[in-house]
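Next up: some structures, all given as structure tokens.
Across the two complexes that follow, chain A remains constant while its partner is chain B and subsequently chain C.
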Partner chain A sequence: MNVFMDYAAATPLDSDVLAAMQPYFAEKFYNPSSPYAPAVAVRREYDAAKSVIASIIGARSGEITMTAGATESINLAFGAGDGHVVVSNIEHQSVLSVAKRREHTLVSVDYNGRVDPVAIKRAIREDTWLVSVGLANSEIGTIQPISKIAEVIRQVRAERFAVGNATPLYLHSDASQGAGQLDLHVARLGVDMLTINAAKMYGPKQVGLLYAARSVKLQPQIVGGGQEQGLRSGTENVAGVIGMAAAFRKADAKRHGEVLRLRELRDAIQTKLCDVFPEAVISGHHKNRLAGHLHISFPGLDAERLVFGLESRNVYVATGSACAANKGTRSHVLTAIGLDDATADGSLRITLGKDTNPDAVEYAVDAITQEVHREMKRIGRV
Partner chain B sequence: MNVFMDYAAATPLDSDVLAAMQPYFAEKFYNPSSPYAPAVAVRREYDAAKSVIASIIGARSGEITMTAGATESINLAFGAGDGHVVVSNIEHQSVLSVAKRREHTLVSVDYNGRVDPVAIKRAIREDTWLVSVGLANSEIGTIQPISKIAEVIRQVRAERFAVGNATPLYLHSDASQGAGQLDLHVARLGVDMLTINAAKMYGPKQVGLLYAARSVKLQPQIVGGGQEQGLRSGTENVAGVIGMAAAFRKADAKRHGEVLRLRELRDAIQTKLCDVFPEAVISGHHKNRLAGHLHISFPGLDAERLVFGLESRNVYVATGSACAANKGTRSHVLTAIGLDDATADGSLRITLGKDTNPDAVEYAVDAITQEVHREMKRIGRV
Partner chain C sequence: MTRVFVGMSGGVDSSLTAALLVEQGYDVTGVYMKNWTQDLPGLRCPWADDLADAKRVAVHLGIDFEVFDFENEYKQKVVEYMIDEYKLGRTPNPDIMCNQEVKFRLFLDTALEHGADMIATGHYARVQNRFSVTKSSETASHQVSNRAPASFETWAADVAEDSPTNARLLTAEDQNKDQTYFLYRVTGDALQKTLFPLGQYTKPEVRKMAEERGLTTASKPDSQGICFVGQIGIRDFLSEYVEQKPGDIIDKQTGVKVGTHDGAIFYTLGQRHGLDVGGGLPYYVVGKDMDKNEVYVSRDLQDDSLWRHDIRLTALHWINEAPSDGEYLIRVRHRAPLVPATLTNDVLHMTEPQRAVAAGQSIAIYDGGVCIGGGIVS
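Then we have the complex of A and B:
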């Protein structure tokens, strides 16, 4: 049996999505800017795909800029203004990197990884133009109170208006980890900008978007032929955007059922492992957490050894976020929520997805139990 | 019969290329940064694909940054320094747009669209750090004397060294239109930076690269997880890069034969149309021109009407570059080579590619002849 439980790092392209993309590789390969009818048809189908995506998040097509994935989208969002920005201290590396190029304030989270909207309000200065908080954390799965933060933003805007401070204030959220599990409706979230990634919802890699409300004045990072209303030049990724629309539509339609299904499976893993290993530490908010997400630490063990042991049993899980994992550094997220080093270093991130079923769960729990026991024995703990 | 003759705007994905990409959509979908064996294998295969690409252009893998197409690559190249840049006045919109954001000098071309290396030398100032000239023009197909321009660059560097001017000077070339028809070996071209686009060589759209010699200090435009040696963050487009390698290898292997084949077909179209319409104007250098490229003007006619007439006969050609065509403005390239408005407005760009064969040529020549006659009749010219 092969058990992939690292859906937060990558998802396989759905076969329906690939089928939707397929015609655009060769048969309908035209440049959407070409004038003849088959190319004009491709332009229309590209625009229709953007409309599908827009309607899922309750936006207008013109408010969506397609990008090559979430990282570019985040960079584009942060380029929309100058001045001070506020981000949480558990943001993904792509948000932290771009924030650190600017004057910024990092807002701490609690031990569940939750950002307190009041702390956001305190961090906002007179010259703050952007607050960016990820919708759900990629390592521990904690879901942030974005609509509560949006309320804070509205309060500050009203206060600024009252004193004649004309500095705009926007709320951006990186929802890379949310699609298929969370509501991404921009009005319900209350965001001005939203980053979405096709690669995490069984869509193609290197396809993403930035939603930006019309009040936001985006500045193009990549200039040239003037595609995407001049905000992101380059011949359009037709197959990719068609694929993202198909993936998003499917993920959104299955969302409610999938959340219940994944939560049950995740809770089964969590309960079983905590029964056998009462010293295990679960991170992330107990309730406001992605349904398919389990971050579990075995204090004193070496997570990398566990990952490789599990790999030999064909169970694939992560030690932390894919980005941080590769660099041998301790996760900034686990430090931020106050995990001590011995606990952090023994952490597995187990993320479930569409092919996860009760058999896979049983197999994985068994493999993890055996590997954790083996490691404990090796270091003389039992 | 369906005759596509707009290969300079878009190329269909080659079936071998799609076959090479296919495993990476679902079966090998792993994030190359994940630690377990199947993901490590994907990392290795991704790196191998980059090596294939590097070896075709005579570069090291580490000198290549994968991007989402040519436009991003060009933007990345121009971000490698501050100060004055020199570009030709017939560059693609993506080069012109990025040059115009900086202090720049536009160098004029002759009526064949050729850049004079001496003119480049004259335009270089003490503070010039970058010269960018496209390898082959996308509208008229003229191939530039890049290695001659590289000699000029070397002279200027020597002169700067002699007087103690430490400003670096680099040569960049956008080779988007060259792959599969021209030698893209960086040492033979003498370039410090080179932009290549998979979408114009039967590879996937939105996949490209920037070659930059190790002496060039690129500045990342998109920051985050630190992929591509920190120069371009975002989870790698594994399928896309595998596809680009397969496409490039195939295009390069078939290059010599394909150039002869396309030139013969192109010359046949040119000869036949010029026989029937002696007033037709051929643009682009008669010899240093892309083999599959034909830019032909019928002075006084309306090229858009011709394109739509040809479309009704299932022959697909362009009026100008795909980017400019959509905007109803006159091509800056045709103005630069001195075509009068009446000639420019009657221009077709006919570009051949892998599915072009003698039957297609015969069909297209016949269709073009009839449409040109019809238009002439409509405006009372015959």
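Then we have the complex of A and C:
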């Protein structure tokens, strides 16, 4: 049996998505900017795909810029200004790296990995133009109170208006991890900018987007032929965008049922492992956590050894923290939520997805139990 | 139980080494030596993958695994030595320096500090107690290969009492793979604490045994010597550290300039390729002048500078006591055939001349199947 439980890192392309993309490689290969009929048809289909995506998140097509994945989308969002930014201290490297290139304030999270909207408000300065908080954390799965943070942003805007401070203030959220599990409706979230990644919802890799409300003045980071309203030059990735639309539509339609199903499977793994290993530590918010997400630590063990041991049993999971190749640089997320080194180093990130079923869960729990026992025995803990 | 620390590079040889030692009942710890991690232009340094491969095998075998960080020492003792030697116009061998300074000194010492009794590596070579009754290498090797681990402690104890330098370095069973050339500068003391479990096997046997044991590295391609040099070539590597300096390529016979080069440092005696001199018979490098930055070439394959009867050695190193003058076998580079030579003080005389023996190059000296040491061509 092959058990893949690292859906937070990569998802397999859905067969319907692949079928939707297929014609656009050879048959409908035309450049959407060309003037003749077959190319114009491709242009229409490309625009229709963008409309599908826009409607799922409650946006207009013109507010969406397609990018080569989430990282580029984040760079485009942060490129809209150059002043002070506020981000949480558990953001993905793609957000932290771009934030650290300008004046920034890191807001600490609590031990569940939750950002306090009040702390965000406190961190906002007169010259802050951007607040960026990821919708759900990729390591521990904690879901942030984005709409509450949006309220805070609105308050600050009102205060600025009252005192005549004309500096705009935007809320950006990286929703890469939320697709297919969370509501990404931009008005309900209250965001001004949103990053979405096709690769995390059974769509193609290197396809993503940035939603930006019309009030946001984006600055192109890649210039050239002026595609995507001049915000992202380069011939359109037609197949990729068609694929993202197909993937997003399917994921969104199945979202409610899938969340319940994944939560049940995730809870089964969590319960079984915690029964056998009472010392195991579960990280992430107990309730506000991605349904398919389990971050579990076996204090004192070397998670990378567990990953290799599980690999030999055809069970694929992620280490929740460091590997031997970057010893000394532990996960900033685990440090931020206060995990000690011994616990952090023994962390596995188990993320479930569409092919996870009760058999896979049983097989994985058994394999993890055996590998953890084997490692405990080796270091003389049993 | 004897504690052995095995240097695991993530390759098939060291993987099987660890597996065999586990089977022989040793208490084994795998160690990845982190020596070099820098990417070079056009080459991603594969160290993190190699480390993961080594650790994967360690997990498979259920043994402890550690990373020893020797990056600074390696840079100092091996890379800088190598660059300095090239700057002096010589042709050094970094693998030999790595064995002398890093694997059989630093690694050994660090392993002993961490509680090891011995170290092991995946070299194709054998170690023999010199007080074994016979001098015939064949019989001796037979004894070594059949030495049961249980009797090891007594063996080691006997040896330790008798002499400070008491282990001999024997060539590998697989003469094609023999790596004693790279090991001639290791000390007898170090060898006494070293196991080479692969010395009695051929490379195909090693791959087969690794596969039978389900080692994930069984079919991993061999790396050649120092990884970065093997992958991008010494020329590109040196280019990172020394500036290009145009100079003349001069035909030694006619004294006429036949081309230009970008630095005499990049040329080695006997080299044919990489000379930007077109047309006719190939030229060979027969000499160079580092001060004038001139490279001398010849079309004459029999040019005197290319063939040497006598070699004066410096930095002589003997694994055990210095040998008396007399007839020995020598190897002028890895995998070169063993050829007879007469040793008189620090000079080797060969009846058959050897081609392209460059200053800085190492010569390993053998007494029958025993590598007794060697020196560096002056």
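As a working rule, the second predicted complex is superposed on the first by the 374 of 382 C-alpha atoms of A that agree within 3 Å, B and C clash if a C-alpha of one lies under 4 Å from a C-alpha of the other, contacts with A are read in each partner's own complex, and residues count from 1 in each chain.
The rule is short, and it goes like this: contacts are C-beta pairs under 8 Å (C-beta built on N, C-alpha and C of every residue); 3 or more make two chains touch, one makes a residue touch a chain.
For clarity, every value in this text was computed on a predicted model and none was experimentally measured.
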| item | value |
| --- | --- |
| Which of chain B and chain C A:305 touches, first, second, both or neither | second |
| More chain A residues in contact - chain B or chain C | B |
| Chain B versus chain C as contact partner of A:233, first or second or both or neither | first |
| Contacts of A:374 with chain B and chain C, given as first, second, both or neither | second |
| Interface residues of chain A shared between complexes with chain B and chain C | 304, 308, 311, 323, 325-327 |
| In the complex with chain C, residue positions of chain A that touch it | 304-305, 308-309, 311-312, 323-327, 374, 378 |
| Residue ranges of chain B touching chain A (in the complex, touch as defined) | 6, 9-15, 18, 25-27, 29-31, 33-39, 68-72, 74-75, 92-95, 97-98, 101, 199, 204-206, 221-226, 233-240, 304, 307-308, 310-311, 316-319, 322-323, 325-327 |
| Of chain C, residues touching chain A in the complex | 32, 47-48, 51-52, 55-56, 58-60, 62, 64-65, 67 |
